[in-house]
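Pasting the structures here.
Across the two complexes that follow, subunit A remains constant while its partner is subunit B and subsequently subunit C.
Coming up: the complex of A and B.
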């Protein structure tokens, strides 16, 4: 699948390839990627819509400070994608507005 | 240096509400704000517009708080119009949630005593677990019940401060930032604000929070206020689950969940402690088990400004006419009274309520006022 991303992997990247999904799309990552890096490398810029205005947001600071890269990972809402290492089979969804409370994913 | 008609010392919620109200009464006002080194209770508070439970020791404080809550929609409408901001004012009533029957009974008795002192004119309800659950389905099994105060509510205190500031500046008011006031000197006519040459003001209003303790004696006033620390936990935004504010947990208009209500005497230390944060978090989860997995994203401490009896102090200086003092713990709740009722009095009008003298600092004198 062709990927249209402004981010390029280093030509000597050797790590093993992993598979994960974002919003149901099958994507590839490399072992050791942060989830945010893998998402950006896959050409995805928007990973959530904000609770207050609904504006689109995506990974920005990549060091755990800005909280713009919040996603739902395997049913757990509001995880910082830049602070999580991608794992094989991870199911990731965009955060749409505020999380729900109690058990279960936010928007199901 | 500059000249002004009214110098308001302090640019927090009390000072800005008074400045806005003075300006509304046709006065020329300059606010002297200490800057970001100040303790800033206005930026650390919980945001309640709260009536219930206040005034057990001074029923006039209950009257004054109820008046302010009733005036709040008028203040909010005017500020929203002037600033273009939404203040998130919501006054659906609020709860004081109790985890034991003994606590609920004690609070119910205290509220009944206050109602009796107010000739029966003091609305509240005592709700057991089942009736409370009908209004607040998220409560947990450990909750014994709650006191419901129909006049309670909440607001976004940061937007309130910003709106007061924007409205004041928009109508030609002046704010001197980074202007800590170390000296106030009464002159033959008016006051010098700050070290010489300083500013010259016809009148001065002390709204400096904890700083009032030191400034008040310079103009013949008494403000024996001390700090009391409250810590606040800020959680991530969540889908609406809490349609009423309460003293321990509130959900803001933008979905943020705030947890609070610690109280410590630790001087001027506005830090946080793991012990207080853990206790507040545990209590919040006992009250609302759905919060079990919510993330805390920030925490802070802020210093309440407490007079010896916890009630406001409003006083005009007899020794130095033209100087007055406004200090209280509840700068959010009382913002409406300060802007719409107290400021017109400071501007030269008659007392807004017949009981205003109840808030004089004379009550702290060891002997009857000299």
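Coming up: the complex of A and C.
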């Protein structure tokens, strides 16, 4: 885990370690983590760029309301990262603007 | 068409769990749908799997949630987690998706327990990555054991701000600064309501304990802060504000905002229920009877979705709604319902007594209700406060017209985040009442649903969910 994460794990977090990728980077999660939590834990603040201005955004509400944490999961675009639990081997990308029709966004 | 389910409860926080508990205890077959993967709602999130250490950090108010889970063992209860409810109709059809499978069920009665959300706190720069809700940070602590470790700045107002600060410290985290934005005049305005608050002395004791905890930690604590702006390039780098007549720049890698919680009105709005503007907490509240019943036959609301009274009150409101559902479904006599409800109603009145004091003490500062022109208010469509004021100059009368003027509220969050603020800004610019300006018209689906899910459901036929 990068040392520049503004978060650290409590020592009681004993859950099994899972592996997933975000924007091609191999990252670790704990079983039960939401995808947004695991990405934040890795020190990554930006999970998408907006369709309007391309501004960077990251998870804001963590309860499925704000839609700031939209990502592409295993090819499916516009998923709320805070509402999905990490599964081993997930391949996740940041949303770059709006989704395309019938396909996901371009790679980072 | 399959038989209707006697009772569907939507939301497994304190209100939903207690509604389900009373109904199932009376023998009502109940379906409990919840969006989260585990029960407890936001307040008791992940309570079922929190270690004793984590429970100690989060405190006894959190641990209290564990006993609400007993209802899950009831033979009358069908609990379905990870259920995203995207439409509820006035005819009591509930549409939801679980694991990519959309379905619909009809209910004889529905108790909505969709809860609260943090009141958004718009100011310049609040959209930068690394700026989140203080409640969001608490969610990370509860469900993933993630602690702000490198020095977070907490800014805003309200009891949860102090609670989160204190939990971070108790867990061994660091706070770079606590920046309180509560307007200075609030405590004077709240004081006349202190005697009523004394009916619930535990709230005052808790507040005093939290403040003492923060003083012991010697974290820099600014009061009466204003002119906030979050500064940074690709992510938050520092918070700029004025306090004590001086400008401050406090560096941070994480900025946690809070200024109270408000009802999440998405379901009640989409149902077309009447809502009243409450000038004191400055929020909308669906119009409900004392049992939580709405103007729509068979549809009730319990908990913070019907106005913010807190987790204990949510339990009590849930009990009332559950008892009333059991009575209306013929499982309790009216006399039995009323007898069981009496002590609940007494306790609820006591819980409510604290609100006039708290609502005045923590009324948000004007700069977050009616923010500066350059502030992005609609985060999804990137519409600023100044643009909304510009729409009003061109003749825009309310939030729904603001959509055609400039897409405010038309992004994926469907106005959840900007709705309160858009109504306030238009009301202020027009010199009108927020009640008259109104709110966004919310239409289903209120959660994302794919065409594939809809198509699969259409093939299966209506109300044919397994």
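Side notes on the structure shown:
As a working rule, the second predicted complex is superposed on the first by the 99 of 108 C-alpha atoms of A that agree within 3 Å, B and C clash if a C-alpha of one lies under 4 Å from a C-alpha of the other, contacts with A are read in each partner's own complex, and residues count from 1 in each chain.
The definition used in the following text is that a contact is a pair of C-beta atoms (placed from the backbone, for glycine too) under 8 Å apart; a residue touches a chain by one contact, two chains touch by 3 or more.
A quick note: this is a predicted structure, and the numbers were derived from the prediction, not measured.
Overlap between subunit B and subunit C is detected when the two structures are superposed via subunit A.
In the superposed model, A:101 makes contact with subunit B only, not with subunit C. In the superposed model, A:56 makes contact with subunit C only, not with subunit B.
In the superposed pair of complexes, A:9 makes contact with subunit C only, with no contact to subunit B.
Once the two complexes are laid over each other on the shared chain, residue contacts for A:32 go to subunit C alone; subunit B is not touched.
By the touch criterion defined above, A:18 lies against neither subunit B nor subunit C after alignment on the C-alpha atoms of chain A.
Residue contacts after overlaying the shared chain place A:73 against neither subunit B nor subunit C.
In the superposition on chain A, no contact is made by A:42 with either subunit B or subunit C.
Contacts of A:92 after superposition: neither subunit B nor subunit C is touched. A count of residues in subunit A touched by subunit B and by subunit C gives the higher number to C.
Two complexes overlaid on chain A leave one subunit C stretch from 22-30, 166-174, 400-408 or 454-462 clashing with subunit B, and it is 400-408. The interface of subunit A with subunit B overlaps its interface with subunit C at residues 52, 67, 78.
Partner subunit B is touched in their complex by these residues of subunit A: 51-52, 67, 78, 97-102, 106. Of all residues in subunit C, only 35, 37, 42, 46, 49, 51, 53-54, 57, 84, 117-118, 127-133, 135-136, 139-141, 143-152, 171, 173, 234-236, 253-254, 264, 379-382, 411-413, 416-417, 447-448 touch subunit A in the complex they form. By the touch criterion stated above, subunit B contacts subunit A in their complex at residues 138, 236-239, 241, 254-255, 290-291, 294-295, 297.
Within the complex formed with subunit C, the residues of subunit A that make contact are 4-14, 30, 32-34, 37-38, 40-41, 45-47, 50, 52-53, 55-68, 70, 78, 80, 83, 85.
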